[in-house]
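Both complexes below contain chain A, partnered by chain B and then by chain C.
Let's turn to the complex of A and B:
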């Protein structure tokens, strides 16, 4: 192991990367752009759902019922229709995602104390959305029903409204959302996006950096020189490691300042896990680069290998615990999941090193294993 | 597969007894890429201090062999011994690497484009742990020697081909290896830079006692080596010193004129296997070294045609290689029915007329006032190195690229305004052979016919013509990617001719094709021009191929620096510079220094021989010999040599550079 040779490789690599405009942009701009675009774009909150109403009753009570939806910030009133066929058309065009049909004699029957059914038509194209939407509808409907009961009790038994309300809902539910009090998806999304940006950008950079040399033939300078395998691999990774480390800090700042996500945990633990994770992601890039010959192949394979599991199995969009058993196994075979745990834990849960040491250990194991694979794949005397 | 190399060992008997000072010893070397056998049973031995050459076309196994010797490629059979170490594992390979400098193939491709000249050198030096003091010293010396001193801080991506090549050499030699392995260092570089490169290399080798293994695709560089091996299809066809190689195939080259040329060719071909037409001349290889015997053989073959301007020369190494190749393979002659159903174009008109073409890319002038004319039925060669502007000229004439200034007529259409009709009247074949490799020969031809809108009847007629013309019969249903390079090249030519164009553009069509394939190709081109009246504009960086053209233009840095027929161009230079002599001496480097001191500035080293121009043959020859003998160099022989086109190119460019320097100096004063 000779420091001078490592420095030579690292310096050369650094100069090439920062002088090549495309590489420079890829190194520093890409992660930030992803973070900002997806941070604003990938909002999973279901709000402002467009809907239309077919009110066959046209009574004051039916208007009162519909008005509750119109007022809610979760819904966006698009207007009334007079024909059921219009609803089909609007739903088909996705002009609305929900329709409420109030039956005839709605007020009359309610006042007579008979049950009525309101029909809601939901666009089920996105099951997750539809589920959330159904929850909102049920909540609005229950509030209206309770109010009817409360009013009935006050009227018939002469109770004060307070007491009537208690009677109408004997068991009340108190929900407190922990870690993310306002249940804002941004808070959960943005920290995970740090993982995403690192997971895709740094393997890409590393893989292209190595394959570029294979493609031009300058790798023969390394093959034919006295530089050892380890020296070359270390020297080659140092610049990409440095770039990714800078990116971690930049992304952290964006998460806290731009998106206002609270950081409650220990920065040391977060930073340490980040360094381990960068070692993993650059290691993945390195392994890919040793298996392919062209930059195009490196690009495609990196995107497939890095992006797909990252999106599906890392807990970025869907919690790992709610994946199918098979998918859960896959998730555990990939370093992204452990880092996502650490990031969310540090930002939202305020966990410290002690609480997350298993995740860090897993990352360390991946980092070492990937290095070993890369070392054994790399040969200075290839077959072709 | 037959026994590896068993049959070959008898072929290169010229290899002397095993030398004790052998630096590299390769025996029964075999390299396979999956099923393909790239190198098949090669033996060679490189002695300390010599320049050993590997010559052969693309795919002959040169690179595989060199990489294995450099310890950067595994092999499948035989043994490789370098500096007494058997290179059979990665560990063993690591042991020899401190003593080796390896320059991979591809001009400047192993260098780092974003880094400056100095940074590139520093990187290589640091990788090899060259002490800072030595590095500074060597850098100063090598940069001065290669005249790159002024460009120290220029990024490598902004260097010319010749500069990249020299930088590559410096980087490979910065740790002063004992063995330099250089894979095609001169491919794609202009002749001036090539000569420069060879003289720098010779000087360095002489000084340090370094050994060098160098490959080249240029046959005419064979003379530069002390010893060489000629590779073909993964086997050594012949090896030894250039003189020994020549002795393998005794014979002579006869050049003469005879009319009508086509009849003369037909008659000569009936008797001799190597017959070429060079412009109006015929060139025949006859396997007798005796001049009068050669003459009588020619006379007998020609019958009632009388040859004029008869000349007998010693065969070049390329002729030797072709003769050796011909011994092994059955050469299929070009069919005689070439004009059958072919469109014969009017012979009198002008096919191409370029007037003051200029093309700028930003601040860079790629083409600078280029004018020339090509008649129907003429083969016109555009020569020059990579980046000289040849391809840009072709693109402008094809109507693909608009000229910044100037005008041109191609096949009667104005290239500025009638790009569409130009495309109907011309055929174009590029270096990359724009064929579909997954289609068969027939499918490729039919596809191109379809693209040019041929109807069914004319398509099948044309198909037959192409197959006969290009010698493709038997290959019709073969997949294109399985074809040898030479056949692929002829197929590409056939596809370019599918619509009977009046003008044919060929952009470096012969790169990477073996000498026989190249000769076959030229035979077809000549016949197309002579019999079909097709005007052919061809670019090439093989100076030896240029001899086939009727007229030439040499391009350098976007300008035409010389033009005319090959003969005229040589005469022009001979008039100004004098005759060319080849001097054989016992201490070539010392002799060169002395000659240059005596005033022979044009003297250059060619392997172990010296070349110099003499204005007054008798007097200059005598004074040169005197100067040499006086300094203790023994002169073995001094012989006059005919000029090659490369000599012409080098002379022209050097003269140009001299006037430029004096002009700038004059302006400065």
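Let's turn to the complex of A and C:
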């Protein structure tokens, strides 16, 4: 290992990067743009669901019932229809996601104290929505039912409303939302976006590093130079590692100042994990760069490998615990999951180094393993 | 006249022949890139399977710990109602603090806390409440867990009401209860593998349709081979069109592979609409996305730049067009911005054809939007490409 030779490779690589203005600009701009666009725009809450109503009863009670959906922020009223066939068409065209059918004699039955069944038709193409929607509908029904029972008991049994209400709801549930009291998806999303930005942009920075030299032939200068394999690989990474490290700090500042996400944990632990994670993500790019022959292949494979598991298996949108066993294995084979734990832990849960050392260890193992793979793949004596 | 017809016919033949030769060249070039080809195969087969089978966004076995301060018949009855597939009972804790520690570590998601004298309170008809602590670091899942818990406790509570009133009155248990019969359309069992596998295919089509032609064009610029092409009798239109054609063919083949090997046999996705229409639409979508990619390629000078631009354009498309998250809930500026994303229309088209079985009579507007976007992008790319070399 010779520091002077590493510096030489790093300087060359740095100059190449800096002279490509568009590339340099993008490598700093991209994470920031993502953070802002996704931080404000990527909303996971199921809200403003378009729905239509078929009210067969047209009574004051049925209107009262329907009104609860209309005034809710979870639903977005698209008008009423008079025929079930209209519902078919609207659902098929994705103009609505749900339809409520209130049966005839809705008011009459309820006033007589009989149960009534409402029909809801849900669009099942996005099963999670359908499921959440069911939950909303049941909650509306429950509240409405309780009022009806209270009213019914006061009217028929002569109870005072207070007593009737207690009878209508003997056991209640008090829910507390931890770590994210207002259940804002921004708070859970923004820290994870730091992971997304590092995981998706950093590998691409390095991905073309070696394969570009292979494709243009300039790699022969390296083959014939005194620089060793390890020196070359380290020197190649220095500029991209620097860029990504600057990005971590910038993203942290955006998360805390622009989005106001509380940072409760230890900055040291967070920063250490971030450095390890950058070593992992740039390592992935490097390994791909060594495996393929063309820049086109390196580009496409890196983008897909960086983006797809990051969206699906990192805990960004779906928690790892609710993946199937097979997918969980895949999630664990990928460094993004551990870093997501660290980022969310540091921001929202206020965990320190002691609570997260396993995640850090995993990241360190990945970082080292990827370096070893890269080292063994790189050869200065190519065949033919 | 006749001679004129002859020459123009000959010109058309020559034009098509040149386009064909160029398309063939692109296919050959792609075919020789073994790592890339292998990766393409993987992306449209195994990878579709893994994401289809592996991802369940619906609440599934949320880990539940219980602090039972009562240990009575009623508390056991209530705990018993928290069961799979929504909740997985992960043990009892002796003290709420211990439960909170488990939430901190992330080894449990929900803590149910039943107060002492729970049974007694129910017996003496006093109102009583149980506590639920939910980890909402992942907001949608946390909310979903809370909603299910509310459903369970609510049902427990209303059963109690009914039994009390039933016992009190003459045995008839009629109450003005409003209940819902849910009918889930297009996917009755809410089988998530359908949604996830179809989404994944759309994701892959988008990535490849953007990147393959874009990288192929920039490569020619980078290596200087594009100069050779431009001094040949081939027009810029043929150069660009041949790349789009070749890559669209590859993508259609890959999509067919995914449908034949994974979607139908493994997940049993019912293909309700017309398969021909679906492939036609996929071709249109590939063309549109390729137009975006080619435009980026005319801006970029090397493949690294094109990669960065792809990330800039594709990641918002993938995350905000409605295959990862509900589109309606997005802020209105995102919805406006996403009018420019062809994927936003392709999502409606794909689910429409594959799951809902609708045809062009409902999808024509999405088709028109894709065609307009694609035509515009392709035209702009053409214009820039010509300008660069004239």
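Note that the second predicted complex is superposed on the first by the 372 of 384 C-alpha atoms of A that agree within 3 Å, B and C clash if a C-alpha of one lies under 4 Å from a C-alpha of the other, contacts with A are read in each partner's own complex, and residues count from 1 in each chain.
In this section, contacts are C-beta pairs under 8 Å (C-beta built on N, C-alpha and C of every residue); 3 or more make two chains touch, one makes a residue touch a chain.
Note that the structure is predicted; figures quoted are calculated from it, not measured.
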item: Touched partner set for A:34, first chain B, second chain C, both or neither; value: second
item: Which superposed partner A:138 touches (first chain B, second chain C, both, neither); value: second
item: Touching partner for A:4 - first (chain B), second (chain C), both, neither; value: first
item: Touched partner set for A:148, first chain B, second chain C, both or neither; value: second
item: First, second, both or neither for A:20, with chain B first and chain C second; value: both
item: Per-residue touch tally on chain A - higher for chain B or for chain C; value: C
item: Touching partner for A:226 - first (chain B), second (chain C), both, neither; value: first
item: Which superposed partner A:367 touches (first chain B, second chain C, both, neither); value: neither
item: Partner chain(s) touched by A:193 [first = chain B, second = chain C, both, neither]; value: neither
item: First, second, both or neither for A:218, with chain B first and chain C second; value: first
item: Residues of chain A that lie at the interface with chain B and also at the interface with chain C; value: 20
item: Chain A-touching residues of chain B, taken from the complex the two chains share; value: 33, 67, 70-74, 89-90, 93-94, 97-98, 100-102, 104-106, 109-112, 114-115, 119, 122-124, 126-129, 155, 171
item: Chain A residues touching chain B - in the complex, by the definition given at the top; value: 2, 4-5, 7-9, 11-12, 15-16, 19-20, 216-218, 220-228, 379-384
item: Residues of chain C defined as touching chain A within the complex; value: 33, 35-36, 39, 43, 47, 50-51, 53-63, 78, 103-106, 109, 122, 125, 127-144, 146-151, 153-154, 156-158, 160-161, 164-165, 174-188, 190-192, 194-195, 200, 203-204, 207-208, 211-212, 215-216, 219, 222, 300-312, 314-316, 318-320, 324-326, 328-331, 333-334, 337, 348, 351-352, 355-356, 358, 362
